[in-house]
Structures are given as structure tokens and as C-alpha cells.
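Each chain gets a letter, A, B, C and D, in the order it is written, and its residues are counted from 1.
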């Protein structure tokens, strides 16, 4: 990657009173990673400024090296996922930044639009699936989701209908006209699953499955990447970077709740990550309020909150008989509830994007992007 | 409290093959708590049904008693904080429920209104405080907050101006016309602090300080009770119950973020607790997006999300020079940012409460309260 | 699996006043899963007792079904991982239970023995690796660990030497005589990696990678399964069940620390899971105090604590120049520190297993297993 | 406090290209806190070195100041709780450090000794309490614990017998000869409770109750300070600092488990904090494996692990009929189990402190304190 080398990217505080020979060892070892190192003398301390590509140094526990007291990385990492300024600041003091949309068939997710993805947790039977797809379409949603291969905590729980579900999804796409979102579990299944899916979901359990992410990086298939159960925003962005650095720019990030002892059912939807991701990355951000709430009665409130926080879309589980669902029944909305919810979400998105109250995608300092480009 | 005893409140599964003498010992010991116990015979197991007030049994680790396999509490606890139905279901299948408003001076918090409380984390100097109070008032906020006694992690951090801050707050009230919210730390200070405050805040660090809660239960002062750093919704409601059971019904609950390893700065705003509290309690619920985001740039997004999730108000930190604040500067909005934010929040609240899209305060099953009574 | 059907495995509390037709629908739907359902009438409530294999019902959110108030599973699941009684209780009231050992080459892990696995996080260069293997062997350790394929948070961090590392490990095995432990990331690499490894590690990031676990279930290769970053003990056991239910009984469980907001570096070693796993499963349990402490200076204390808690072994990271390690340098012991540590761990294990103070593997009630069989 | 001012305590990286006037404003504002500020010029960046007492700057969110990019505190805070070197390094490269013992009546806790504190969660009835105190004494324990005032999550749970319990405890002390440990909840009760108690416990719920801590700082009563439910090690030490900075040096730290989503019953005993506290503070550290395990069957394993990790003592809950306990019955050992456990703990402590295997209180780098002074 291209890095500006005018400013140092790393400052190292050496131990007080460090002998010159040790200082030289530290400098030499740093330099062996291809960076430029220069000494800065302070009063009672000396420091090393490091210029160049410091990415490989980030994982090295520098502050445990002999002779180093502390290491301070200056500025954020420059990654493919990173939001960057388009150029000069505008006169009003508001920065212009790029924001990507990911094209899923005819649909652009991100870049100012608002999308609703809905469907059952798992594809169960053909007739029910087609009925649900029709209901999802009639509610004004944009994509239909349904799991064919399900990653279940227990090997004895329903694992999805597999290949048969893919056939059902293909038919649902044909009949409803909606693009299909389904989960990919195994790097060996990419071709098969993507023959049906318009958007491939990588679930929370596989956010750290780098073999799978690398495989998906070799394709150009749109990927919906869910945050891991207890992954930080940095780990989440770096998981996306695995796909982008492989050459596939089509990644949509999905917040779906993280584990937390104090939260009900030990899961909390982290909506604060929405403005954070909007600040740090150009990738679209959607929110799954179903897994993030774990109970259907909380889904509408959290879907509304996701829109208000600036999400580019939501991913909602729907089932016509939630109590009969073979997985995640507790958190599924009924088709009627979905139909009530979608227009409210659209109204909210409209309100927040109109002229007077334009508030979405707040940038650092609370300012608002004056230019929002799609690419 | 008054409990219906028609239905059992607790079912106990006895160990398989338990001898009659042991079964009798379990029955007798249960009965010694003043409840009614009856035997139910199953196929391969026997059970005990318990009728009456089972509250004192909830904390007894019943499933560790000899002879008891498992204990299952049926129905929620009946507490002062509990939301209860007003009577018969209405014909449209929507239930009518009571929702309390808490009167703070002229202002009713909850019961359908929307309130904004704003001000600096700590009262620092008189002039700055008065200037901030004027700005808060001009932005259309309803109450002015400012800490006089600050609970700081370090004994060497600024602990608040104490009594002097109370005088400044009294003057701010006089000049701005806004009611005052300030924190109470010590049961011995209740009289002194409440002579100035219209609403007393119990901070996260003291949510479990039951001596303080009991003292406040003896008064009728409106209390803003913040959720503890890692308190569950049940613990939060029971902390409120300490105040209500003492005789003070004037409690406003405040979600302010909980600790979570994966969240940025290890704090996550739990907006899912808003619909949960709306379902479980009649008390007003406000949200503090400042502590819940820990960074100012995320505050507007989370304030909007709080409104969309159904909060009755928000509590926002403001400072005219956030970078000079003696505490919590990182998360304070500027007066200008506040002024931009308040009308957006009001628009959101308006949208969600108008005729077509009335979505706030969803009740179980996604239905909407058709009656919203203040008491 | 074989289940005793004498006792009900599930009790369902129906909603109070549920009409008979609804009750019948619930019964029929339950029965469609192949279980036996019988009605139990209480005073003010009715219940359904369910006999048979209730495993598929565990994931169905029964308490969200119409007509069901609450569901209570009685007794633990009967899984391949489950610890089971060998037969009749002995006269002294102490139960005899089976405890598995997993054979790794000549070494039996579990079943009363104590094993130390040590080595660098990643295989870096041949000479260093061979030197470390010699040091590990000289310290009295039993297996040599070293990563060939490394799952790194950043795609730009050192990813391991891959195939070249496998060759180096093969040579380390030859020279040191120690069995080799290395990580498997991809189901397509099982044959290649297991041609060198005596024990295949599944890392925390892949504990939920069920495609990989199923692949490993088809082999008989010994597997070291690490607990996920925020996985519960139940999820951990069910991940092992994926391997066992595929036909591979050779699984060793490894606690390595879980994420926790309050813990230093947000990771805490959960030693309480050791007695829990010893109670619930017959599989061997080892502990990784290196990842579980995240800092080398805490490793000896936590390694000792792991032995005292009843672990069958520890997994320790060692590096001759920790400050130069390409990964996880912060937490690696030096060869000298390892040499000091191993005899202390052996002494502790010896003390806790001798006649007077036999305390390891405590069973429920604090009693001690009187029979410890290897299989 | 006394700080060496030879070395800078804080380094500030200014924003790249910061104008001189802004740089001066930052310098002036820093200097207004009484510290010395000097400029260090780098290549592409400038820095400010800060000498002097930087404690008040730690809470100021320096990196949100205009003109400051990042702030790096060098070296640990110098507090009353901080472990400090006694003087010159010894020739073998092992540092000598001070380690405090806290005198509780005739008993010295810390400083090389090992203490067991045991008793029921709450004082329930006189006869039972006296019987338990006798059993605790007969098992070789050193102090008797029992709650008189209980902080319970529910206001309807048993709140302790209060003043009557204090009388019972006074009698238990007289009869058993054991010192008494009991909890203090309210700053107004200090005199009353300490008239009976030899060691006052501040529970987890009150670790952040600074009014109480300040009150206790005004006394010389030995304090057992428990870690908060989700408090970091830094917050824990600063809570102790509240007491020490008030003038009371007699503080014993107690790890008792922290909240964690993945842990069983959402609590995990953080034994990694034991070596961390031993490195950072001279105060004695004890461990409560009862609250830290939440289930009695795990208590012996975790008590042993605590000793092995280097704790100066353990705090164990005991009840003669745990299933009848009015609080925390699930986690209480029986007197028989306690009697079995104590000699094992003593053996472990002996093993780890004898000449060959001296491993306790490891210092940074894995070395062992060669001098352990009591004060």
C-alpha cells in the first residue's frame, strides 16, 4: 500500500538511561522491517521516530522489546477498508469523503440508499419459503434471506436443508424477483452456493475463519460480513480487509450484537459501532436487530434505532409461524409485523436525509458529509 | 404486595425416585415461608406447585436443596416497578397499560412527552456554567445537569466543587429557568443537595449502594437512577424497587452503557433495554448517549437511536470547550452541536408518535399501546 | 444415542387457562418430533411431561410457542462428551466415573497423567526452532508446539511459514523425539498438516468453524480443541461433540482465556471451567496460561494455578528472544523460565495426587473419584 | 506525593504541522496544572515532554485537546498502593521489594503468611453461628466471616439480622477466639460495626462507593476491599488508594470474580490479577473462590488455584446446611468439606515457599523476590 512518509507513523519511547549499544540494537532491528528510524533527544529520555510502512510492526509487542518503554502509533492504519478524504477540505470546513455502495444485482447497498433484507433464519419447506418470499417482497423489502447451510451450536440441531434449500431459494428468487442472501460456511462450497446467492453471508462464527475469507477475496461476489460474537471494531475491519486485500471490494459490514454479561440473553446490539464504522471505513454498514435483540418484541425498536444511528440497511428475520421455526423462532417477526415496520423505517430514513435535518453519516466533529459519492 | 393466588407462582421438579419422607421435608420447609404447596404426580416424576408470595424464595438457590432437581418460577415478579394491565383488553386486541410520568417541577418526564437534559459533566466555574445553562435553555432543552460532587475513579482527579457548585447551580436555575439535575453520592447529603436539585441523579457507581437508595426511598424527591456498569435489567429494576418500596414513586430509569470487552472503549449503549423496560415497568426511561458512546462524535447518532428505540428523553453532556473539561471532555458536545441535535430529536419523536406511524412503546407481540395514561 | 425413557426429560408449563384445542396442538406438534407427551394436571395450571430424545427440541425456543409458558429440561443432555457413571455407587457414597485419556503417539494425555506442551507461537526459522525444541525436551516437556499456518487478525501480519514450517517441524520431531502440535485452519489441509502433526490444534477462532470440526470428525487424529474467545462451556462441549459424533473420540479440551471487559488486556483465564468440565465430560482438559494471561510475567502463576485446579496439562509458549518473536512475543517464556517452571508444576501435580491430599478431579459434592479408568 | 522529576512522566505528540500559536496554547494550558513542559523537535512532528506530577492530567482526555494527536504516559503512577523497590538491585539480578502485611488483631495477613477466612454468607441464628464458628476454628482457619448487614439485589430478600447479628458475632468471637470479618454498607455505621469487627469488608457493590471509602480512610481499621463486579485492576487499586490516601494503610485486596458473558453463571474468577497485583502493589491479596465460582463443587479447585497463583489467603463461605442458607447457599461448603480443604491449601502454600521451588510472588521477568519484608 501507498503511505505518505512525510510524517512519522510510530514513536518509540526508549527506556530512561538506555546505553547506546542497546539503542543501536533496537534501531537495527526496527530497520530490518524496512522502515526509517531516527533518534529524537529529549530531556531525560530519548525517542525513536519511525517513518514508512509500519503495518508489520503493529503485531510485534514492541513495548516488550528490551530497551523499549512504550510505542505509540501515530495516525490510523492505511488499509483498503479505510475511509479517505477525496481531496481538499471544502470552504465550509466540512470534509468530503468517499462512501462505497455495493452492487447486489440491480440493488445498490450503501451510498445513500436504505435497504431491507428479510426472510426466515433457515429455509424449511418450499411452500412456506415461497410464501414468505412473496410476503417479504410485498412489504417493500429489497432482498430475501434464508439459510441453506446453518452453523448450529449443537450437531444434533437442524443443520439446514443444504442443496435442497439452494433449489428452493433459486425458485424463490424466480417467483419473487428478489435477490437472495444465504450463508457460506465452507471454502469448498463457494461456487455452489454463489450459483444461487446474490449476496453471500459470512456469519459471526466465521468472521475469524480466514481460510474462508481469503477464498472469498479471490472472487468478486458481494459479501455480507457479520461481526463476530466478541470482535472489536478493529478486528471486524481487518476481517473485511482479508477480503478486500484479496481483490474483492464488495463487502457489506453487518453489526449483529455482541456478547455482554449484563445484557439480556447476554447479547447487546452495539449501535455505537455504526457511527464509528461510518467514520473509519467507506464500506456500507447494515444492522441485524433480530440476532441483536434475541427476542421478537424488541426487534422493531432496534430496527428503528439502527436507521436513526445511520445504518444503510437492516437484516430482519421473518417467519409465518415463529413458534414453529426450526431455528431462532424466538426472534422472528411475523409477516404482518414486518409489513408494519418497513414504512416506518423508510420514513425515518427519509426524515434524516431531508434538507433541514440531514443528520446521517456524521463525521468527526459532528459535521455532516457534504458530498456522498457512490463508486 | 397483593398477589393473585389462583395460579401457582412456582413449580418444583423433585428428584426422580425421591422418598416420601424427603419430599415431606421439602414441602414443610417451603411452607415455612408462608406459601401453599401442593403435590402434582407425573409419570416418572413428581412436582410441587407453590401458590402465594414466592418473592422470598427467589434468592434461595432452591435447586441446590436436597430432593429438588429444578425450580421454575411462573410469571414475572409483582413489584412496584412492574407494568400492569389497566383492565380488560380492548376490542382491537391491543392492551391498555399504565405508563407513569414523573413530575420534575413543571416538567412531566415520560407518559408520552420527550425531554432533553443537558449540561456539563461537572460544574467548573460560575461564568462558564451560567453561559452553558443559557445555551442549553436556548437549544430547547428541558433540564440543566451539572455535577457538584463527582465520583472519580482516582482520588487525585477533580472531585467537583462541592458546596460551591451547589450555589452556582442555584444561580443557573434562577437565570435560565431550567430545573437542575445533579448527583447524590452520600446518604448524609440528601437534604443539602436536594435543596438545589429538582432531580437527584444516582450514578452508575452507586446503583448497588442500597443504603443510599433506601435513604432516597424515604423522600419524595424525583430520582434519576442510572444503570450500573454491568448490571442486568433485573438488577436495575430491583434497584428502583428499593426506592419505590420505601415510598418514593418518582424514579426515572437511565440507560448509560454497560461494560463489554468487544465494544470500543469497553462500553456499549444497550438500547435493547429500552423496549424491555417499556414492557416490564411503567417508569420513564431516558438514555445517556454521552457515557454510552464515550466519544463525542458518536453522541448524535446514539441520541437519535435512543429516541427511535422509544426513550422518553436523553441526557447529554455539553461543554463549550470540551478539550478543557476537567472531566469527561472526550464525550461532550459543543453548544452548537447540541443546538443542531435537539430539533432532529424532536422531529424523530414526532414522526414516531403521529397517527400513521405510531410505533413507540411497542408492547409484547409488537402491538402498540392504545392508551397511555399519566399518573 | 441411547436414552433412558423412564424419567421425563422435559416438563412444559402450559399457559394458565389454555383451551383444550390449543393444548392438543402443542401436544401434536411436540409429538411430531418423535417424543412421548403426557398431560399432568395441577391446581390452576396444566403441564406436559415429555419422554424420549428431546435433543432436537432444545433449540426450538419452546417458550415462544403459543400456549407454552415455560419449558424446563430435566437432567443434562446425553452426549458423547458426557461423563457417565460406570455403574453402581460404591459403599462409601463416592461415585465411580470414567475419565478418558487421549493417546498422542506414546503419550497418554489425561487419565491421571500430567503433560506439558511447549514451543514458540509460530515456527520462524529452522535453526531457532530446533534449538527451542531441544530446550523444550531438556526441560522435561512432552510435546513441542509451533504454528505453521497462523490465523492473524491482520492480513498484513506474519501468517506463518506454511509448508516450509511443516518441514521444519518434521525435522524438530526427528531431532528432539517430541511429538508435534500444530494448528489446522482449513478443512482442505487436514491430510497435509496431519502428516507432520501428532496432535492437531483447532484454535479459538475456529471453535465455531463446524465445517472444519466435521472434517476432523471423519479422522482419528488427536485434536486439541481450544475454547472460543467468548464461548460458554456448553458451546465448547458441543463443539467437541461435533468431532466425537463424527466418529473421532480423540479430543482434548483447552481453556485459553475468554474475553472480559474488566480483565487486563481484556482476557481472563477461566480456571473455574476446569472443575466444571471434569464434572461434565470424560475428555482431558488442558490449560494455556500464555494466551490466558497475555503477559509473560503472569504465566508461571497461572500455569501453577491450572495444575492446582485439576488440569491434565498445560500449553506454554516459549521463545528464546521473546522480544523478537514475530507473533505473541509479549506472552512467551524464555527457555530458562520454562526450565524453572516444569519441576514446580510436576511437584504440584504430585502433591495433589498423593494418598493424603488427593484432591484433583473433584466430583459433585466435593467428593473425590475413587476409580479413575483410562480407556 | 513525592515524584522524581528527572524523567518525563508524559510525552505528547502534537498534530503534524501545528502552528506555533496553537502549540503555545497547549503548553500554557498544560503548565497551568503545575507541571514543566519542554518542546522536543522530531522529523515531521513535534512533541512535548512533561515533567512533574502528572496525576491530575490522567483524567483529562488530552488527546481530544485541539493540537494534540496522542498522549503517552511514561511509567506507572506513583501512588500509596504502588510497590516500590527497597533500594539497589541485588547482585543476582533479583530485585528486592517491599511487601506489606496487614495486622488483624494477632494475625498478620500477607508478608509471607497464608490465611483462611471462613464462615457463612450471613449470620442467621445464634446457635448455628456459634456452631459454625467452632467448626471454622477447628478446621485451622484464622478469621470468622459472617454478614450482619447484607446488600441484596432485591429489597425483599433477607437483608441480614443487623444489630442482632453484631451481638451474635461478638459472642462468636468470644467463644471461638477467632477475629471477626463483617461487611460495612453505610458510612454512618462505621463506628457501630467496627466495635465488633476486626476486619471490615467493603463488598463488590460498594467498591465504587467513594463516600464510604473516604470515611474508612479516616480510620485505622483493617479493611478487606473486594473488587467490583466489572472493575479493572487499575480501578481496584485506585479504590484502595482512596483509603490509603486518607491515612489508613491497612487494606487487603480481595479478588472475587468478575462478570463475563461466556463464563458459567456469568462470573469468572480472575486469578491473573494475583500476579498483576503482586507486581503493582505491596498490599496483601486474598481470593474469594466462593463468589468467584458461584457453585460449591468448584470451590476447592479454585481455592487451590488461588494459593498456587500466589494469594496471601482465601475467603470461603461455609454453611452447615447450605441448602437452607438464606443467601448464597449454592456456593457454600459444608464444614466437612472445609476441614478437608484447609490442610491441602496449607500444603500447597508450603510447597511453593520452600527452598527449592520457591515460586510465589513472582516479579517481572519471572524472577523471585529474594527479600520479603513485613512492615
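Convention: contacts are C-beta pairs under 8 Å (C-beta built on N, C-alpha and C of every residue); 3 or more make two chains touch, one makes a residue touch a chain.
All values derive from a computational prediction rather than experimental measurement.
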{"item": "If a chain touches chain C and chain D alike, it appears here", "value": "A, B"}
{"item": "More contacts between chains, B-D or B-C", "value": "B-D"}
{"item": "Interchain centroid distance [CA atoms averaged], chain B/chain D, Å", "value": "30"}
{"item": "For chain B paired with chain C, centre-to-centre distance based on mean C-alpha positions, whole Å", "value": "39"}
{"item": "Numbers and ranges of chain B residues touching at least 2 other chains", "value": "228-231, 259-263, 296"}
{"item": "Chain C-touching residues of chain B, taken from the complex the two chains share", "value": "6-8, 11, 13, 16, 38, 40-45, 47, 49, 51, 69-70, 72, 74-75, 230, 259-263, 266"}
{"item": "Footprint of chain D on chain C - complex, ascending", "value": "228-233, 258-264, 268-276, 279, 292-293, 296-302, 304-310, 333-334, 337, 340, 343-344, 347-348, 351-352, 357, 359, 362-366"}
{"item": "Chain C partner contacts - residues on chain A that touch it in the complex", "value": "29, 55-56, 58-61, 63-66, 151-158, 185-188, 205-206, 208-211, 228-231, 234-235, 238, 241-242, 245, 259, 296, 322-330"}
